[in-house]
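Have a look at these structures, which come just after this line.
Next come two complexes, and both contain subunit A; in the first it sits with subunit B, in the second with subunit C.
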Partner chain A sequence: MSTEVNSPFLEDTKLRADVDRSLRHPVMFFFTSGAAWLAVSLVLGIITSIKTHAPGFLDCTSFFNTGLTMQAHMSTLIYGWGAQAAFGVIIWLMARLSRQESKRSGIILVAGHIWNAAMTYGVIKILMGEGSGIAWLYFPTEVTAVLIGLYFFIGTWSVIAFRVRRGGHIYISQWYILASLFWFPWVLLTGFLFCQIYLGEGHPMMITATSAWFRSALLLLFFTPVAIASAYYIAPKVTGRPVYSYNLAIFGFWALAIVGPWVGMQRLMGAPIPSFMPYLSAGAAILLLIPAIAVAINILRTAKGSSSAMAHSPSLRFTVAGAVGLLLMAGIGALISLPSVMKYTQFSTVQYGYELTAILGFFSMCMYGAIYFIVPRVTNREWISVGLIRQHFWLSIYGVLAIALIYTITGGFMHGDIIERPGEVAATAYSRLYPYAISLTTGFIFLLISTFFFCVHLLLMWLRLGRRSSHPTLLVRHPHGSPHGPEGDLDKLAELDSNLSAN
Partner chain B sequence: MSVQPIDPKKPDLEESTNVSLQHADVMRSAGAASREKQVRENGLEPVSMWIFITGSIIAIIAGSVLFKSSSLLEYDSFVASGYTQKDDPGGATTVPSAEIESLYMSMGKAKYTGCIACHGADGNGTPGAFPPLAGAKWVKESPIIPAFAIIHGVKGAIEVQGSTYNGNMPSQGGDTMGDLELAALIYYIQNSFGNKVGVLYTPEQIGQIRKLSNERSESGQVTAAELTKYLGKKLDGDSFEPGTIVNKKTGEILEVE
Partner chain C sequence: MTVKTFFYGLSASFAIPWLIMVAIPYGSMSSMPNVEYDENKDEKTGTFQPLHSGRLGIGSMIYAQEGCTMCHSQLTRPTYAGNDVFRDGQGGFKADPERGDTRRITNYMDFDGEDMANIGETRIGPDLGNFGSRVSSKTVEENAVLAKELGVDVSELGDNAFNGELYVYQHLFDPRKFIVNAKKSNCPKNPRFFEKKKIYGQGAVDAVFEKDGYQYVPNDRGRAIASYLLNLKRDGDVPVSMIYNKAKLLKPAPAPKKEEKPKEGAEEAK
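Here is the complex of A and B:
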């Protein structure tokens, strides 16, 4: 390859390609192992869900007790898939937007391997019944400590890349990513210290209150900003249009930063903690609709009008689905925080369904959009199969709809209605929940099928078995004799190259 | 390529560079990166009025929820008003109920844990120190004697099963114990360790014992001499029929099987 490139456009393209290449292995490692953990999490979720409508399922061993599989299911979903997908997107987006090659890919890769090893150990411990039992911090203390330590070996380089960025303007995605880089250790350390370390000190209800805050904060101050950063990058990048309103984008950021940390304790309404705390959190959870609407409108208006990009680009399709998921998440979150509604939802399955909707319907959709964009760049190969992408999209949509609309909203209120009736026995509530538990299992099975093929697709791409083409893999129905559309001018370019070299 | 250069300071081309060659090179090694569109960040479309209106409505709802809590930032107020589940409207209130014999046995056994240290789990006592309850006439012949022992304690020499014990049993809190609990404890020791008296005393009958206890001429712990006069003494009134279903909390009769 030539070393001297003088055209500014070519120079920038080369720089971007160099950034991509420098991050190939850590990014592909995070995405692929994240997708594998997502599949594991869905299998554990299916086992847990089946046990609610068929209690005798897999009762041969204590490893698969509902309480244990539920903990392992949530842990793998959060730390296996969620955190790793987010890390991949964070390091790539920050390097790209700051125009800085990664110089510490080796360290990130090693930290990623230890992260997975620690998680495997933690999941086995949970299934043996030796987890901590604290919501979303189910791993034994030593595993959580290792994960927090590893984060600094993964995230620090992105902060440095931002400090030494090229170009003066800071794009909105960088705002969100930089914030999440600081919020993640803050939230995780707070949860870890107050729910797993300083247990004997202070009021015992403080653990419950901190745990409730921790769950919400991890969702709203880590997963949400990363997903929004990716959406703000993908939508303009694919459509070629600027962000609809940049002022609205800045407003959305500050609204999330100000409102987000107050949410979480509304689920402890009526618990013996100072009684203003749940009300404060409930108010904040409703206010959260404002940044959610600002972001979602901005993304949807940016994508609107490029109907061909919407129809053809998997990245944009998933991102738009993620923006709708953001509205769904904030809408359910606000609804179940209204004190008049809360009596039906506080102790029902709505709470779990809300978490699933947020992670699978909003965060994961945005991550898929980013992954479909990033992987061809870091591997310099195009996605192999349009069919695999298409099944991934539609099965994800069906799965999320089954979980969000049928299980969470309808099922949750049916369940909560029976719980609220005095004199009804618990068995009635469970028989009422039965069809919705089946819809949860069905949704999980849809997602598991799509995730399995997605994971295989990613693995093949990492092995660089993707297509060599100058045309992207788009969701078109082969008008040019190839399942992917026109294959481009690679051969022509090679010919030109050899002709020129010969001269 | 009609894309705007990133850095317009530099000249577009230089004579010395073979542009076609460079272009082909980049296209081949960075196909995806080279076809990307530039991100332009200065979108300044006007924000729809509806977003402001929706936002204001949301803020009003959120504020109304926030100020439902009358005690903002007050760390000593723990109870939110109106946060209790409504009563069952005219429904059949279920009362915790149990069959009297099993209730007395389980309740009495739980109470007896306070006696195990001296009288033993098997009721045989500690030879030479604490008398046995198993087979003792003091236990079997009248409910008044064990009740007095529990209420007041016992002191002085007492002959049990052919051995004489000279111990000092302090009061076991029989005064503060509920009538139902005391009845259960007496039933338990009269019907365990091989004892078989079989009478299910009612809380009202325990009331008779309390009356006797208040009319005592002596004070402090009871002695064997005082207890002797109660040997063989029965209580007035009907005791529970076996199989009676009672309220677990009050001992009120709910039905007789």
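Here is the complex of A and C:
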């Protein structure tokens, strides 16, 4: 009798374990190499930032000139960390929610290796001064072409998994992932074709305008939906409660889909392009507050009341931090897009700070949340050190706060104010920026320390050196023993599997 | 929500802004019409033909590849979007000794000959949209001062005359070493724009630095970007139809008399 009641549950447990096992190597590869690229990106960011307040730093060669390290820093952040972390989450989440094992893990893994090789080549070319020079498409044309091609070898299987999914219900996370899989190639192809392949064909101003649209679209229509999909999965899973409002989730999705593609051109306010474009984009950037608030409320309300889960679970902590990061990102985005404020912010450092806040404060936080949830499942091991997780969380928070609040908001507006005064020379603006550039360096150093240990932790987990325990690694010790009961061993799962097979 | 309605909605919500913000403007701006002078307003007829010279295409590409856009803008915005036109030397000069008020906003013809418009990311450094004009202005100023010191006419300065091109090369080679008052500059050195050559005879005239029988002379890449920078001259007369604030600019200030005190120079020229 007992076997009959538990069979569907056990079958589902086995299915989930099979899905996890099938994706172990591609997922761990994307997460680990992504974290390594994040460390590289932060090192390049530190070099760039130091050179802002100490221009003589590493100036024995042109290889580390500010303009070059900045391009390499953003490229590694976007395509090295961002894209790979997103790929890892997409393929795992879609396979899990569709209850489909991956049958093409080898292809995904090979594509991942080529992606990293192409990126390495691209970064070297950028540092040699042979990149494209186009914002967020800094790699040479051939590298962008390879990355687009590889995307189809990585993303296609998730679309197929959705098509042949088991079960009727489609989760909100799946909608977001599907949308990101749809938007990403369209956005990337637009940037690639209009800004790289047809470079010289279009009007120079429209090349620049398209690249401004591209970077915004990549942020809002790829990184944002993947991060939201992850948050909508993690928050209910960890708290054990359904999403606070499904209708609000659907509303937030469509608000993002309708408003997001209009944003980007506000960065060309006053430039010789049709004047409706920057104004439409500025309006859309302000309207982005709507989906951001809808999503953040939904995530935070889902997590509300689960203070013990918040205290214990690193996944939930990072996810909630990501939801706050989403509000911060949308708030800064709306503020700097107000036409009356644009004159101060259009050429101030606040634009760079906004992108950092979006990627490091929102997207990365959600990705960390997903990674802390996914990795123990695909490796069948628990995280080794609660101390490393705790330092990762707090150093990330300190780093993001230094960047978002001090460098972006305070520094960006101080810089914007001085460059808008006609009588002031560039040296004055540079002097004004000095303390905020130091805060950026400090923020990056916090993040680099946390990322280094995160990367090592991930690598050890991939080598399956994690704890062999059925207990998750929690941030807070329970005063009355573990909330999961007495310590168990993962080998029991194998016994369970064999019993099920025998039955 | 079914999968079909999801994809219809997703396609429509993306395709419409994509067409309106990207595809259609991209196509329509790829062939912009010529601008004709209006006889009543411009007091002349014919087609406006902006003058561009120098190695714009390759120079602009190198400028972008080297990431100069990270710190330098090239955009003089209309007054509704910023105070750029009021910064002397950015959109032109308020009182150019030869041409009077040359200030104007950036227009879509200013980037002719370039693959992309390097309008820039931030203004950590000065705007370079009129860098060439500022160097020209500095050349006139420096020569006037030197001629006065030597007690000769400017035309008699010969090799002593200020060399604007060399000034740019020196800035590119090491902005904190050569350029007076630029000690605080955080512009990077660019040794990759130069090659080390043994000195034969009198050596190269455009060498920026000499040491131990060798000199550093600009290579092709360095010459191209210097040519591009020296030709960034986006000021002066445009048809009235291209002027944003017509009420203010319809009657440009008359050119000052020759003996008037020279205007103050550009910020990085100081």
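Please note the rule applied: the second predicted complex is superposed on the first by the 470 of 503 C-alpha atoms of A that agree within 3 Å, B and C clash if a C-alpha of one lies under 4 Å from a C-alpha of the other, contacts with A are read in each partner's own complex, and residues count from 1 in each chain.
The rule is short, and it goes like this: a residue touches a chain if its C-beta (ideal position, glycine included) is under 8 Å from a C-beta of that chain, and two chains touch if they have at least 3 such contacts.
It should be emphasised that the depicted structure is a prediction, and the values quoted were computed from it without experimental measurement.
Asks: Once the structures are superposed on A, label A:S41 by its partner contacts, choosing first (subunit B), second (subunit C), both or neither.
Replies: A:S41 sits against neither subunit B nor subunit C.
Asks: Applying the touch criterion given at the start, work out whether A:P472 contacts subunit B, subunit C, both or neither, answering first, second, both or neither.
Replies: In the superposed model, A:P472 contacts subunit B only, not subunit C.
Asks: Quick check on the superposed pair: does A:N247 touch subunit B, subunit C, both, or neither? Answer first, second, both or neither.
Replies: The first partner, subunit B, only.
Asks: Looking at the overlay, does A:S230 come into contact with subunit B only (first), subunit C only (second), both, or neither?
Replies: neither
Asks: Should A:K14 be classified as contacting the first partner (subunit B), the second (subunit C), both, or neither?
Replies: first
Asks: Kindly classify A:E420 by the partners it touches after superposition: subunit B alone (first), subunit C alone (second), both, or neither?
Replies: Both partners, subunit B and subunit C.
Asks: A:S180 in the overlay: touching subunit B, subunit C, both, or neither? Say first, second, both or neither.
Replies: neither
Asks: On the A-aligned overlay, A:G133 touches which partner chain: subunit B = first, subunit C = second, or both, or neither?
Replies: second
Asks: I'd like to know which partner A:P272 touches here: subunit B for first, subunit C for second, both or neither.
Replies: Once the two structures are laid over each other on A, A:P272 reaches both partners.
Asks: Per the definitions at the top, what is the overlap between the subunit A residues touching subunit B and those touching subunit C?
Replies: Residues 269-270, 272-274, 280, 420, 422-423 of subunit A touch both subunit B and subunit C.
Asks: In the complex, go through subunit B and note every residue touching subunit A.
Replies: On the subunit B side, the touching residues are 1, 3, 5-8, 10-14, 17-48, 51, 54-55, 58-59, 61-63, 65-66, 68-69, 71-80, 83, 85-88, 91-92, 94.
Asks: Which residues, counting only subunit A, touch subunit C once they are in their complex?
Replies: 51-53, 55-56, 59, 61-62, 65-68, 70-71, 129-135, 170, 175, 178-179, 182-183, 186, 190, 194-195, 199-211, 213, 221, 250, 254, 257-258, 261-262, 264-265, 268-274, 277, 280-281, 342-343, 346-349, 351-352, 415, 419-423, 425-427, 429-431, 433
Asks: Looking at the complex, which residues from subunit C come into contact with subunit A?
Replies: Residues 1, 3, 6-7, 9-10, 13-14, 17-18, 20-22, 25-26, 29-30, 32, 61-71, 73, 75, 77-78, 80-84, 86-88, 105-108, 110-112, 114-126, 176, 184-193, 221, 267-268, 270.
Asks: Which residues, counting only subunit A, touch subunit B once they are in their complex?
Replies: By the definition above, subunit A touches subunit B via 1-2, 4-14, 16-17, 20, 169, 171-172, 233, 236-248, 269-270, 272-276, 278-280, 282-284, 286-287, 289-290, 293-294, 297, 301-302, 334, 337-339, 376-377, 380, 382, 420, 422-423, 469-470, 472, 488, 490, 493-494, 496-497, 500-501.
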